[in-house]
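Below, chain A partners chain B and then partners chain C, in two separate complexes.
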Partner chain A sequence: MSTPQVLFAYFAVAMTILSLLVVTRRNPVHSVLWMLVLFIHIAALYLFLNAEFIAAIQIIIYAGAILVLFLFVIMLLNLRKEETEKRFQKQWLYSIAISVLFVFFLVLIVGNITVIPPPGPYTADVIKSEGHIMTVGKVLYSEFLLPFEIASLILLVAIIGAVVLAKKRIE
Partner chain B sequence: MTGVEMLIIVIKTVIVVSVFMLHVMYAQYFERKVIAHMQARLGPMRVGWHGILQPIADSLKLFLKEDIIPSSADRPIFYVAPIIGVIAALSSLAVIPLWEGLGVANLNIGILYILALSSVGSYCVILGGWASNSKYSFLGGLRSSAQVISYEIAMGLSLVGVMMMAGSANLSDIVKAQSGHWFIWYQPLACFVFVMSAIAETNRAPFDLTEAETELVAGFATEYSGMRWALFFMAEYAGMFIMTALGTICFLGGWNGPDFWIFAYVPKIVWLVLKIYGCIFIYFWIRATLPRYRYDQLMSIGWKIFIPLSLANIVVTGLVKIIWK
Partner chain C sequence: MNTANYLVDITMIMPELTLICVALILLLLDLVVKNKEVLAAVGIAGTLVALYGTYKLFVFHAPQSVFADMFVLDGYSNFFKLIFYLNIILTILISLKYMTIEKASFGEYYSLLIFATTGMMIMASAADLIVLYLGLELMALSTYILAGLMRKQLRSNEAALKYFFLGAFSSAILLYGISMTYGLTGTTNLREIAAALQTLNIMESPAVFLGLIFLIVAFGFKVALAPFHMWAPDVYEGAPTSITAFMSVGPKAAGFAVMGRVLFEAFGGMQMQWNSILIPLAVITMAVGSIIALAQTNIKRMLAYSSIAHAGYMLLGIIAGTPEGLASTANYLMIYMFMNIGAFAIVIMLRREGFQGENLDDYMGLAKSHPLASALMLIFMFSLTGIPPTAGFIGKFYVFMEVIRSGYTYLAIIAVIFSVISAFFYLRVVMYMYMKDPKEDVTLTTSSTLSIALAITAIMVLILGIFPSFLLNLVRSSIPG
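Moving on to the complex of A and B:
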């Protein structure tokens, strides 16, 4: 195997193990920490795709903001009782059966279809010469302007909703 | 990548990190002296000439001290927390350009890389506070998490103006774009917001509410002792150096210096270091002058003043750039 393949194998295996650790830890703070390690692995995987901007954003947004908020909330809740109680319900057997079936069909379908999309204008060389931020910015603000604006509107609605909910509590 | 290239990178990293650690060690001596003289005291005087060997004596003491771990602490996290801080601070060092072409790495996303690592570094305070299982540490950690999230936004937004002026997020390109005029003249508002957020981000006075000794003993570091406490200390000072270096590069022209008479023969790295120490002096000056903020005041100026100001700065910068083109 070549070096990129070895590295990819490492990241794939590590990410699977880390995700399992996230859902099986008893202590929620430990779960969040494994998730932090997982996010850093994902960011490193983006770097292998020459997507340095996405990698940085992954760390800044997910590791830097969202996970800190998770920690904040978990620390404020009193979770001593949850830590000692039984964790998984009886449905887990069914869930595993359904997941295995899903993976089986996915492999069946994906294995039979070979889609090689036509190469787009944004090859690795173009992105390298132009800079990743520049490329993303140009595409985002020209081709995908409308979806971008819609996304920002949705976020605005969420912000207003949060403010309204918080205001009610005070009164 | 060949073996030789790898070796060169390793050597570069070792040199930069070891020189940097020496500076971090002496920054603390510098701080004690500056604050002492501002308060009409002498500061450390006993070890060596004017106390010049004090940092070495201090580090020796901290190395040899007993390492106490509270019985109810969450051990793995208690161990890891200070290390995260030091690693995050030292890794950000990699993208700081010391001179044209002199630096460990030249990343296209230099600014974002530093912002990302500074947000990872904030975990050391939050986790240290939580893992100690003491209410003082815990409150310090909680305060820190809210403070860091709020001020990261203001800091990121204040640097957008700089990126727009330079047309790049690469720190070397930003310095090159300032060979004429420094960005502090074009972006005074962004510079102000950046300085304030940098102080809040590194948990320094007057925003050092995470370790407010009047209320929280020593905040997140209350239960730490010996070497582990020293690591927190190191992370804090290293973070200060990274923030001042980023500020110097983004607003004060980085390694650019006067080009006439004998100044032209001075290695450019000297200007960078001088500017960084100037900024560090301002940190100490502020600490010696201003009283600590209240926590709600800190949050409200962050959200209600700094973030709107930096957003307005982005809009104005964009408009001016379109009109002048």
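Moving on to the complex of A and C:
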């Protein structure tokens, strides 16, 4: 196995284990901290795809901003009771069985993929000559202008929702 | 690199832009205008302007795709947009009085309704999986909030949370399906996916099939197909009744719009494969919806299961696999909108201060005290069952005819059997109203807007039932063969 393959194998396996740690921890603060490690691993995976900009964004936005927000909310909520209660519902064994079966099929199916689609216009060489952020910016504000603007609307609705559902209402 | 000026295309999304502007104006107006009726009027007026915009685009522009082939304007999307416009107008009309009774009459209510409708319109026009997903999220996020608007009521909170969690889960499945399709074809554009499937010759590939399954499951969640319907009864029961009416039509129509477009345009050559999933889903959906509805005593839950059963009938048009079949599904959705919102308008009338009016027992002897409301409910129940001369019959007849023409006679027979079963719980409401003695006096909450909505829905159900040719011509010319 070549070095990139070994590295990729490490990140893939580590990410699976970290995800399991995130969902199985009793203490929500521990879950969030494991998620931090997970996000850093995901950022490393983006580097394999020559996507340095996305990797940096992943660290800054997700690991930096969003997880800190998670931690704040968890500490504000004071989830002492949560920690003593049962972590999973009764049917967790069935869920695991179905998941394992699903992974088995997935490996079978994905392992059989023989046809690889032709690469798109933004190959690693193009990005190298043009510069990463410039490529992303150009595509985002031309071809993907419409989805970009719709995404901003979604964020607006999320803010409205948070205000409507959480603010103290004067009857 | 393509440096086309995409700002030119902005005229083509004018209706959507109009709605977004109206929603933002409503948010600001809410600060200065205390009378919610003004907000509702602005909302309806804005929707009518957008409707006019869609009509103008339809008249003056040939079908085309804009924004780098991400957004299409064609008869198909226009017809669905008409459903969404009528849906939001009728919803606003029935919710004015009701939301004050529920003490949840917020100005944001109308903006969120409009944002949700914008999301649906983007879905109907989406020609790219990314735009489709974003439109779906815009719609879904707004409806999650609307479902939980009665903040003091536990079941409304439960409805919103349940809808949110399961909705997020289905979004994840949708994204997984999109990523698989993208990985195999190298594109997210629907037409290019079809071309790539053709040139790479991977239609038989199990991986493509897996991606297709994920997409169908995610859409199935939005339109409440069994076995992905678990959220529907609880959410429909817990949400404000006007929102239940809104989301039993809007997201369902949007879900069918994207399902039809993705299956026909991107996976058009794989009809055998998608039918092998859709046929069992349709049968299970009709069975679950019709049979479990028999046991319901809460009318909102009953209508939830009825809406699941109707999703099964609508699916038959897509299974037919022809443009006429797709037209029959769109036609069914239009008719379903009128009869379902009409039925919910009657449910809303029974709600008054300190009285839920959601139990079937509350309808006992309603015909003696309120003959007109009972007669209207009778029309809607007959229509939902599919009894001529109501519109529901035309909707079902058209779908069954198309599915038979495509050679699935057995599916039509199964559907008719379940229609007969469903007659039991629809006609039970009628029986309660006309043949039982009232247990207690029921006073109805009426308002002028609610009466207008009831008049529109009842007249449309009868007119489309007796003279269906207008709607049939419209849908056939919108979705040409």
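In this text, the second predicted complex is superposed on the first by the 164 of 171 C-alpha atoms of A that agree within 3 Å, B and C clash if a C-alpha of one lies under 4 Å from a C-alpha of the other, contacts with A are read in each partner's own complex, and residues count from 1 in each chain.
Criterion: contacts are C-beta pairs under 8 Å (C-beta built on N, C-alpha and C of every residue); 3 or more make two chains touch, one makes a residue touch a chain.
Just so you know, these numbers come straight off a predicted model, no measurement behind them.
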Sticking to the clash and touch definitions up top, decide whether chain B and chain C on chain A clash or fit.
fit
Would you please give the vertex angle at the Cα centre of chain A, with arms pointing to the Cα centres of chain B and chain C, as a multiple of 10°?
130
Check the residue A:53 against both partner chains and state whether it touches chain B (first), chain C (second), both, or neither.
first
Between chain B and chain C, whom does A:25 touch in the aligned arrangement: first, second, both, or neither?
neither
Kindly classify A:132 by the partners it touches after superposition: chain B alone (first), chain C alone (second), both, or neither?
first
Touched partner set for A:150, first chain B, second chain C, both or neither
second
Contact-wise, after the overlay, does A:41 reach chain B, chain C, both or neither (first, second, both, neither)?
neither
Would you sort A:71 into first (chain B), second (chain C), both or neither based on which partner it touches?
first
Considering the aligned complexes, could you tell me the closest Cα pair distance between chain B and chain C in angstrom?
15
So, in the complex, the side of chain A touching chain B is made of residues 27, 29-30, 33, 36, 40, 52-53, 56-57, 59-60, 63-65, 68-69, 71-72, 75-76, 131-133
State the interface residues of chain C toward chain A in the complex, per the touch definition above.
1-4, 6, 13, 20, 27, 67-68, 70-71, 103, 106, 108, 111-112, 115, 118, 122, 128, 130-131, 134-135, 137-138, 141-142, 144-145, 148-149, 151, 160, 183-187, 196, 200-202, 205-207, 210
Note: in the complex, chain A contacts chain C through residues 105-106, 109-110, 112-113, 115, 117-121, 138, 142-147, 150-151, 153-154, 157-158, 160-161, 163-165, 169, 171
What residues on chain B touch chain A, complex-wise?
74, 77, 107-109, 112-113, 115-117, 119-120, 122-123, 126-127, 130, 138, 141-142, 145-146, 148-149, 152, 156, 168-169
